[in-house]
Amino acid sequence: MQARTVRWSWPVIVVALVLAFLLGIAVILPGVPRTTAQSVREFWLTAQGAQVSLEGGVVWNAWTYNGTVPGPTLRVRVGDLVRVHFTNNLDRIHSVHVHGLRYTVENDGSQAYPDSMPAPGETYTYTYEATRPGLFYYHCHSSDGGTISYHMLKGLYGAIVVYPADQWPPDPTYEFVQFFAEAPTDPGLAYVINGGQASEHALWDLVNTQGYAGALQTLKDAGVRVVPVNQELTFYLIGIGNEYHSWHLHGGNPVYVNGQAAEGDVVPLGPGSVATAKVKLANPGIWLIHCHLVFHADAGMVTLVIAE
Amino acid sequence: MQARTVRWSWPVIVVALVLAFLLGIAVILPGVPRTTAQSVREFWLTAQGAQVSLEGGVVWNAWTYNGTVPGPTLRVRVGDLVRVHFTNNLDRIHSVHVHGLRYTVENDGSQAYPDSMPAPGETYTYTYEATRPGLFYYHCHSSDGGTISYHMLKGLYGAIVVYPADQWPPDPTYEFVQFFAEAPTDPGLAYVINGGQASEHALWDLVNTQGYAGALQTLKDAGVRVVPVNQELTFYLIGIGNEYHSWHLHGGNPVYVNGQAAEGDVVPLGPGSVATAKVKLANPGIWLIHCHLVFHADAGMVTLVIAE
Amino acid sequence: MQARTVRWSWPVIVVALVLAFLLGIAVILPGVPRTTAQSVREFWLTAQGAQVSLEGGVVWNAWTYNGTVPGPTLRVRVGDLVRVHFTNNLDRIHSVHVHGLRYTVENDGSQAYPDSMPAPGETYTYTYEATRPGLFYYHCHSSDGGTISYHMLKGLYGAIVVYPADQWPPDPTYEFVQFFAEAPTDPGLAYVINGGQASEHALWDLVNTQGYAGALQTLKDAGVRVVPVNQELTFYLIGIGNEYHSWHLHGGNPVYVNGQAAEGDVVPLGPGSVATAKVKLANPGIWLIHCHLVFHADAGMVTLVIAE
């Protein structure tokens, strides 16, 4: 049987090439993630001082990451390699210790690995892996000159949100990060949400003096956050102090935590605990958010949101 | 083509009318709920004083809704419109603020809407919607003359139970509502369940003195609640104070909370938190219920139930 | 019709007997469990004193079951009848009260049945049924000479683990039982895990002085528990004191509680509450375990685990 030259017409060749191309894609595609480098997400944190004004004219000399309490929220994606470049610009040893990310002991930022706790003026780079979604946080683990809890209460904490791979990039428009803590100030422990305070007495006075519409405008001008009615809001809640706190939003019902409607409409925040709460405000207005360990609300653990 | 008169025989007309009637029903039916009035459930609450006797001869000058601590339990059904007619018969500003019901800001009963907090001698009517089942509560949100937490600890709180639509009318025969709180009394904070106290020392003395059968009868005569063995009991538990509490029932195992058997046989009750616990007592006897923050039990946060 | 003698051949008779035998088994079998004795599991507990060394040279005069804080872990199987033979070798009334097992009032070990609380030198035998799996605990319920909470804080507590029937015998190789409590000592309340303390300051000094490898060996020599990397560990966690605690393990992520990955990487331990946490250490090293009510960690509520 003699050799035979196959003669393909142009249309047949085009079809064959297209098929081969599609086949090639089909073979290569599943391998693509394996050959792509893991995303590296980098953050720069600097320990530095800040003065925070609280109710009653109290000034709190805070220790912060990057000048705010809490420090910046680290938003990463499951699968990311996370690098934190930490510079200690305060006059004691400080560190970054994370929850919820995976790390080796060199990145622990604790007393188990002193080299990971830089002295004043020094820097340290921490590397972590984001292996699962969730709400976590970072904080200083140093006790230099006192206790670890003092370093934390002074303001050295911030949130970490690890988003599922299919929810990236995240849209933080209607996200709220709220840390509940005690702040060591000159007159004593102050109860703060994100390092700030508000007073229910003052709110009463404001609405009584200006009327409801006037007070609403004053609060908006003062920077109180405004959200649309029936917009789903996400609250990332973290209890970072030594006392038990309890989150309550007026006008928000139901509040969902892990997909379950919270009975009682209160979200518990034990020391070190977190919760991700999802809620819509069904009606417009000035709505209180406060600790439902009500003595803390009386002491300033109050904030507001406006729905319209 | 000329006009034509359609001649229907009587049977045809009857069939046509029946069909039209059925069609009409089909069209109208989905709209029926919209035209039916929502059930309106009304309650009358009056802020008034009461003297409550605690252990050791202590008399607590309580502030109450309707004369009892807690105030009456508001039992409503999902879908109800709820109206609370509140009269303030005390000498400070007071209010009603609810959890778990839906409301506009005019019904908030808080500092965000001062008009919803009536002065002494005044009344205010609050309107809410019951949109989902669950255990909730109401409390005073005023801080007149002091703090909000003081107004609450003085006794101004009560339970709200929203029953699913298909569990109405409810049968409260084997329901227990138990508020765990601290009461401000002359000698200091007292730990109370529903504004009352009991002493484990006194129980020991009673049983040692009268024998078990004698003590059982004495307790029954004194009004301790008696339930059948193996009857499912529902405990509506609410932590309304500033301290953490923890509910424990002797002889009850398992305790179910949200359908899950509680490991440890203890139900946590953080400040502002609630839990609905279901349990059967497998054996007859005098059974203790107490705070498992045991120092509180030592201080009187104890009550009893008898199974037989 | 006359009487007829049935003549069976031997083979027929053999077959008939075999069939009757099998039928008899079929009838009897379902009843077998009723005639077999329930497994009885017996334990002997003795209330006795012990001196426990804490940080800073403090000696704690503890009251214990069998000489250790906590007392021995009672491991039983669902379905077991459990007997605890209790001897009181201390000089006050003491008792054993259990959570999670089923019992009659004679076995309550509380003030509701004083006879179940033996005087000094006396013994009492408690009988319980293990009806469901889970983590529970036992403790003294006496208030003789003071309060119940004092009796408990002095060290009279231990764990109960009820294993599912199909997980027997249990393998406790990688189980940890950890009680978080306050201990009344001469200088004041001490924060202890299993009656012991550790210091993060001391760990810092050790690693700084000996280097990481040296410190690791020192800790191993001192008896710190060593587990393999990626081995699933089970932590039976119990908050037995009057204060809120919060469990955090460095390097462990995720921590599963009831099959759910714990957001925040912290396990709440309210007074009386328990949690069963499952976790693998992904990387080798010295890993801290401490209360994340961080003031408690600062005060000694710290322990270690080594992964390699």
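Letters are used for the chains, namely A, B and C, taken in the order the chains are written, and counting of residues starts over at 1 for each.
Convention: a residue touches a chain if its C-beta (ideal position, glycine included) is under 8 Å from a C-beta of that chain, and two chains touch if they have at least 3 such contacts.
As the structure is a prediction and not an experimental result, all values here were calculated from the model.
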Seminar exercise, completed: Take chain A away and keep the rest in place; grouping is one piece
Seminar exercise, completed: Cα rotation angle, chain A onto chain B, in degrees to the nearest 5, is 120
Exercise. When chain B touches chain C, do the two copies use mostly the same residue numbers, with over half shared, or different ones?
Worked result: different
Exercise. Whole-Å distance, chain B centre to chain C centre, using C-alpha means?
Worked result: 36
Exercise. What parts of chain C, by residue number, touch at least two of the other chains?
Worked result: 244, 268, 270
Problem set entry | Interfacial residue positions of chain B with respect to chain A in the complex | 97, 99-105, 108, 110-114, 131-132, 134-137, 143, 147-149, 152, 238, 242, 244, 258, 268, 270-276
Exercise. What residues of chain B sit close enough to touch chain C in their complex?
Worked result: 200-201, 203-204, 207-208, 212, 244, 246, 248, 250-251, 253-254, 260-261, 263-266, 268, 270, 282-288, 292-298, 304
